[in-house]
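What follows is a short report on a single structure.
Note that the chains take the letters A, B, C and D in the order they are written out, and that residue 1 is the start of every chain.
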Amino acid sequence: MNLLSIAPTLAQGPMPTEMGGATLFHYLLVSAIMFGLGLIGFVTRRNLIIMFLCTELMFQAAGIALIAFSRFHLNHTGETFVIFVLTVAAAEAALALALVVLLFRRKETLDASSWQDLKG
Amino acid sequence: MLLALIFSPLLALLGVVFAPRKSQVKHIALAGMLLPLAIVSYLLLNYSSWSGTTASSGRATELAVSLNWFPDIGLKLVLDLNSGVSVALVALTALLGPLCVIGSHTAITTRVRTYYGWLLVLQSAMLGVFCARDVILFYIFFEFTLVPMFVLISLYGSTNRKAAAIKFFLYTFTGSVIALAGLVYVAFVNAKGTGEWTFALDTLTQASQRLPAGTQAWIFAALLLGFAVKVPLFPLHTWLPLAHTEAPTAGSVILAGVLLKLGTYGILVVAIPFAPLAAIAFAPWLAVLSICGILIAGLICWTQTDIKKLVAYSSVAHLGFCMLGMFAMNVAGVQGSVLYMINHGLSTGALFFCIGMMYERYHTRSLKEVGGLAAKMPIWACFMVFFAMASVGLPGLNGFISEFLCVMGAFQAGDLWAAQGLPGGTAGNLGPYFAAVAGTGMIIAAIYTLYMVGAICFGPLKEPAGHADHGHGSAHGGGHGSHAGDDHGSLPTDLSAREIGVLLPLAALCLFLGLRPAPLMNLVDPAVKDTVAIVEKARTQAKATAAAADDNTSALTAR
Amino acid sequence: MHSMMSPILFYAACAIGALGVALAMPRRAVSPYLIGAIVGAAALGLALIGLAVAKPDALPNFHFYIFSAIALGAALRCITHARPIYSALYFVLTILASTGLYLILAAEFMAFALIIVYAGAILITYLFVIMLASEGPTEEVAEAMGEYDRVAREPWTASIAGFVLIAALSTMFAAGSSNLKLNPELAVADRHLDVMPKRVLAELREAKLLPDDSWGLAINGTNGRYDINPRLDGQGSLTIASNNGTGERQLIAQKDWPKGLSLSNTEGVAFSLIDAHPGAIEIAGVILLMSMLGAVILSRKKVEMDEEALRQAIARERSAERGDELGIEGPYATPGVGQGGAA
Amino acid sequence: MLHLLELLGSSALATTLASTDAALASAPAAGGGVIAAPMWASLIVALPLLGAVLSTLMAVMGVRTKLPALMTVGLLAASFVTTLALFLQLQGGPAAGLKLYDWISLSWGSGAGQTFTASFGFDFDHLTLLWMLFVTGLSAIIALYASEYMSHDVGPGYCRFFFAFNLFVFSMACLVMGDNLLLLFLGWEGVGLCSYLLIGYFYRKPAAVAAAKKAFIVNRIGDLGLLLGILSTFAVFGTIEYTKIFAIIESGVLPNGQKLAEHWANWVIPALLTCGAFGKSAQLFFYVWLPDAMEGPTPVSALIHAATMVTAGVFLIARMYPLFVSDPHLIVLSVVAWAGAITAIWAATIEMAIFDIKRVMGYSTISQLGFMFAGLGILSPVGASFHTFTHAFFKATLFLGVGAVMHGFGGQLDLRRLSGVAWMRGFGLVGIAMLIGSINLSGVPFTAGYFSKDIILADAFALPHGQIWGSTAVAWILLITAGMTAYYTFRTYFRVYAGPKEFVPGDDAELLELGRHPKGVSIEEWHKQHGHGHGHGHSHGHGHGHDHGHGHDHGHGADKTATQRVDFDPTTEEFDPHPPGAAMKIAIAVAMVLAIAAASLYFIGPKGGWVAGMIAQSSAALPESVATHAGGDHAHGTFFGFDPHKVMYYVSAIVGFIGILIAAVLHGPRGWQGLFVGSRTQAEKSRADAFVTLFGPITTAARNKWYVDEIYDWTIRTPLLVLGHILHFADKLGVDGLVNLAGQIPRGLGRAFQTGQRGVLNGYALSMAAGIAVLAMIALLAST
């Protein structure tokens, strides 16, 4: 598809009709809600793995926002950043999960609240 | 010269840090302390040559040092000794420094470098406060005394030292931060008026005096709060007994001898000249607080069994007299107040030395455990009685002159005399009642001092367990091995020559200043009169304003 | 905000959403997640109504609704499901739905990359770890789930905080996005055509826009680049020049360009990455390398169960009347590794 | 450099010498009638000071001989000679002044009263000379006495004693001769210090320490009044120099133009000064310290607490008499008169009941001081001064006698355990001295005490009604007290000095050592056997050094606790009274002679005797306006219609004899021959004891000093101490509590937020999220 053909409308108005009339705000709203859910999950869940999953959720929310911005601005910087986010998410998954395994071996539990050695 | 005076202890600090052997440290430190003393002595000897004909404020002496520091905000490094009060206090500081080092030879045996190093830093900072003629510099020196003292208390104090050090630091620091706010505010107002930032003491003093009474009240309150904590004025005194009790001997001596004077000096040199109108308005209330301090602290002294705490509380009472004289704000009162700073430093410092010497031998300060030491340590007891008498204000010794002048200042300063046209009064808003009530403090002083002397020196000999078995004349070998670093085997039963050497100069000065205070009084007289003149000017100004207001109202009513 | 959606309805939706999420959280008693889900859906609907009320003529099309509803619903279940496995799977669903949104946003490359990397790689790792780190399944399924899975921590506070944040973010987004203007300078859409002359020539040739084979792309005299100037408004042009020595030039307006003469999304991303953000690639590479090393080191590390945990584990096991079989040594604390273990 | 010297006052002497003339030259203009005294007059002050310094040096050098005593006696004698020479030079002339240097000098303007100067300078007028004569003279005598009395303590203690002794004389000289009130205050507190040091001389005795403390503190209460008086004086008169004050008083117009007679200063300042005088002279409720002060060594009691220091109050009032009489209503003098009378009779009641002979003398001093104050109060400065003068000698004699007994009998002071002392070997002189002292005190005709007391009594009766409120009542009280005085004096005399030779040695270990020996061995043999260094009697003079050849060395203070002495055991040991040695005897004899000779002064000079002449030439003389009413031939008051000045000779003699008679009946020998040895048995003594039962609890109360000490303890000391404790706790809990509370605020906040810092990851995340949410909301609300 030719971006140029839809560029003016996308930039200033709703989405092209064939893709729906969503504006940037709609995507940002979805992103915000997803981020909020991820945050809530991170705060409420005690399972370390789920907590990491929730951070992934927040990454994802950020990704949607970035892609939407990228689309809005008609450049690819946002997408580049999503790649970066993806990289970080992958790295985090690798490291964090390794840590989780380690911690689990230590205490036989995934409960985040069993790790409060820094408690003041 | 002044730079050398202030920084020579720091020079010795290098020596202390890099001395090849620990045993050399105290000698280097002593040298570092003696250097300022030598400089001060030299300055005093040539007083006329550098002070000029008058040492009135606003007039730089030959010694003045003025270096740009942060020129962008008008911060300068200005040092001068153009006020007799500063000269006297610098001399006191320079004198107590070496004595503290000598007095600590046997008391401090662990972490020697740290101890003497901080002592030197402290000395430098204290000398700096009295020389600084730039409020920010003043404030920096003022605050920098806290750190060494904090270290000295928290490392070398007795059992409860940590809490004492923290309380000392936080309490005084909180106060002085408020004072800083006041100082900066004045500088700000001045900068707004002139368009140029400066922190020069004289400039700010003049700028601040021009402010309206309402503003001055706030400035005075801020400054006073900072300095009154240091003094300490009555309800703000609670850090002092704790700090004194826990501090090592030299710490107590310096605390009582010099650090408390930073507060009174600040009030005299900064707070009152900055806000004379407010000072006049607040004087009776502050005098009431001072008197409360005299009486309440005095009575509390009487109930103490910890001798160091007793002397600490007595400091509160004594400084109450000092403040009373200062808030009389006439020549006699302020003169007495300044003399009190010096005299209290000498006599109470010496008392702390004495107690420290006793503590080194018995490792207790409780009057329940030791007593009647005159039988065992007659020389010590003689000094103890002597300094107790000096601190109780016996005529002929230094304490009396200052106490008398303070009370006299309070007595004179009232409209009572002027209303009757009597010659002996001065302007002011205290009066004979203040003096009379404060005078009862002299009785209480006698009560608690004699209680202390009677318990510690006289009566049947009482020693803590482990000491009674020492035959007289024999050295204290063991018997109290519980104390870490206890190597006082060399301490004789009575005072050693070194210890006598510490106390004797103080005793001689007490006696000399008691019988012939004229040199000191002449030295501080111009500065005192300047301060009083500032207050008098404000007083007449306030009266003129009030009279004008009266005229207006009467004119209105007439209409 | 008002231009985008009705604030009152939106804030009400946030409140209801908070209620729904809090209700949906796993808790000690029977979790009313169904009710929570319904309430959450109601909230979503309310938000939509809010959008509709504010701008009835600009309703997004249903693709957006479907994908976002699936994504958010799955996300909700992801954070509320008591079982980690299901959470992970719901997360995959979220990812898939998100890719739908990506596609709508014309980010094909990212959509597929997301599926491959996230759904494919990362989530599989998660699943592995979840299985690795969960207690073995037993007869009573509920017992196998840890207390920490079954009970959420402070659901109400968290929901309220989260939704306050959502409300705040949304409000800001609304305000910000309505003020946001496209900056043509930053729009790069087809800008990189001048660095791929062969492709441009091929397209032109195929579209028969070149008079003959001797014609090629003209070079701009001022900057020395091919003179290809696409513009966002379609008013751009490119110049071709004849190579036969006459120096003849011809302008082709943008509207006459062949359809294929534009950058695909993948190409755009590639240019963006390599041309505009080469450092990011390097950094990403380093990060990945490091994380790989870290993961290797961490997973090789031998750990000993710490004593207190061991006691608790034993107690747990005893209470489950399994203590005798397992003994003191846990499954991951083999004898003899104590000395080398991390303190 | 010169400037510095000037600054440090090293050249003080030079400048002083130079400025003295100038000062003195200007003085007459300001104060009138002051001429320059010769420079050597300052020796009166300087010699005792030198003595103090030398004593210190001797202590430092470890002198273990009687050198300090000899030095002191010499210096004090020289001081006395100087005083005498000065007296002879100035006698009959105007007052002289000598200014050494400005002690405190302060000025805040050039106007009147804007310069405060307290110089180290002296005024020599007849009042000060009168005082200085007996102060220096008696101190020299008593120093001689003390040289032997204190000989058991040769060493640092001895030096300490004579240091304080010298310092006392120096302070007393400053007090008396100072030319301004502040120098008087210096002396005033200085004598207080010496009194403190000397009462507490036996510092291991808790009673002595407590007594010393009490003396100092009670004195300080009075001193506050004095200090405020000085300040008021300066405020009102603009100066504290006597000559200038007197000049103003004489003119009758204050610097502010008001008339002194109509100004409050004429009674407020005297009232304040009187407060100080009462403290120092143990009048009214201030008296409590003086009996306790008898804990000090007896020479100290004799000199300080009987003859000299306690009369400082009398001196102060006499010194400032012009101001006292400037009040037309004489309010303060009325108070002084009544205070004196009440104190006199109050102390007398106690004396009649107690048994401690030294305390009897102490209370007797209070009582006699009451006489002096009453004398001042009833406008008889002459009587008061004369009585001070005579009292100094005869009371010193009595004290020295008591000291000899105490010294000889192991510290025994209970008059029930001593009898017939006068007849014992070596105590004859003591007996005679006591008799002479007693007849003086009792007012037996033609003794010095008789004349001096007469003047007071006669002047009291002679005073017209209304001038001093209730002067006749005061007179009657004094007359009754005179009778009581006679009674208690001779009660002591008859019990202790007359009667059969019996005694129980006291429990003072130091003094017991002088006379103890095993049963069956005479003391001479005992000492010979043991090579004891004890001097005995006259042969050794002052040879009580125990510092050699004996196992326990108790020669000096530091070692005393180390040597535990075996208590005196009457079953195996005997005690021989230890008679006074030569030094003590000489001192007693001289004092005795002077006590007798003082009577002759009544006949020297103009009417009223030599003292009257001295007073008349001093500032204490009654001004004409007052004198026309009081004293002299213009007496308005009468004694039953007779002229009191004539009839009082007989009345007081009769009263005195009645007192002696009662004492003789109750305590004395039966019959004429009873004055001699063995005429009365131990059993007969209880005649008085049977008699006292009649009074029942009154005696007990009097014996316990009317429980005044206890009352003070419960009304002042304990409440204050309790208040101190309360304040201490209030300080700790309240003031410091507030501070700590302020310190707790950050800590509490920290605690409050600590719950968020549980170490739980979720918690941190939650707080972070909530924080961001809140911040975002704030930002939003702020932007809209």
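In the analysis below, a residue touches a chain if its C-beta (ideal position, glycine included) is under 8 Å from a C-beta of that chain, and two chains touch if they have at least 3 such contacts.
Only a predicted model underlies this, so the values are computations on that prediction, with no experimental measurement involved.
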Per-chain CA centroid nearest to the all-protein CA mean: B
Rounded Å distance between subunit A and subunit D, as computed from the means of their C-alpha atoms: 97
Length of the line joining the C-alpha centres of subunit B and subunit D, rounded to whole Å: 37
Chain centre separation in whole Å, for subunit C relative to subunit A (CA means): 5
Interchain centroid distance [CA atoms averaged], subunit C/subunit D, Å: 102
In subunit C, residues with contacts to at least two other chains: 153-154, 157-158, 161-162, 165, 169
For subunit A, residues that touch 2 or more chains besides their own: 39, 43-46, 112-113
Residue numbers of subunit D (touch at least two other chains): 760, 762, 766, 769
Interchain contacts (touch definition) - all pairs: A-C, A-D, B-D, C-D
Footprint of subunit D on subunit B - complex, ascending: 44-48, 167, 170-171, 235, 237-239, 296, 299-304, 330-332, 335, 372, 374-376, 378, 385, 389, 394-396, 400-401, 404-405, 407-408, 411-412, 417, 420-426, 432, 435-436, 439-440, 442-443, 446-447, 450-451, 454, 457-461, 471-472, 515-519, 521-523, 529, 532
Residue ranges of subunit A in contact with subunit D within the complex: 39, 42-46, 51, 112-113, 115-120
Residues of subunit D defined as touching subunit B within the complex: 1, 3-4, 7-9, 12, 101-108, 111-114, 116, 120, 156, 182, 185-186, 188-190, 193, 196-197, 200, 203-204, 206, 208-210, 212-213, 216-217, 220-221, 223-224, 227-228, 231-232, 234-238, 254-258, 557-562, 720-721, 723-725, 727-728, 731, 735-736, 739, 743
Contacting residues of subunit D [partner subunit A, same complex]: 754, 757-762, 765-766, 769
Residue numbers on subunit A that touch subunit C, as the complex places them: 1-5, 7-8, 11-12, 14-15, 17, 19-30, 32-41, 43-47, 49-50, 52-54, 56-57, 60, 63-64, 67-68, 70-77, 79-84, 86-95, 97-102, 104-114
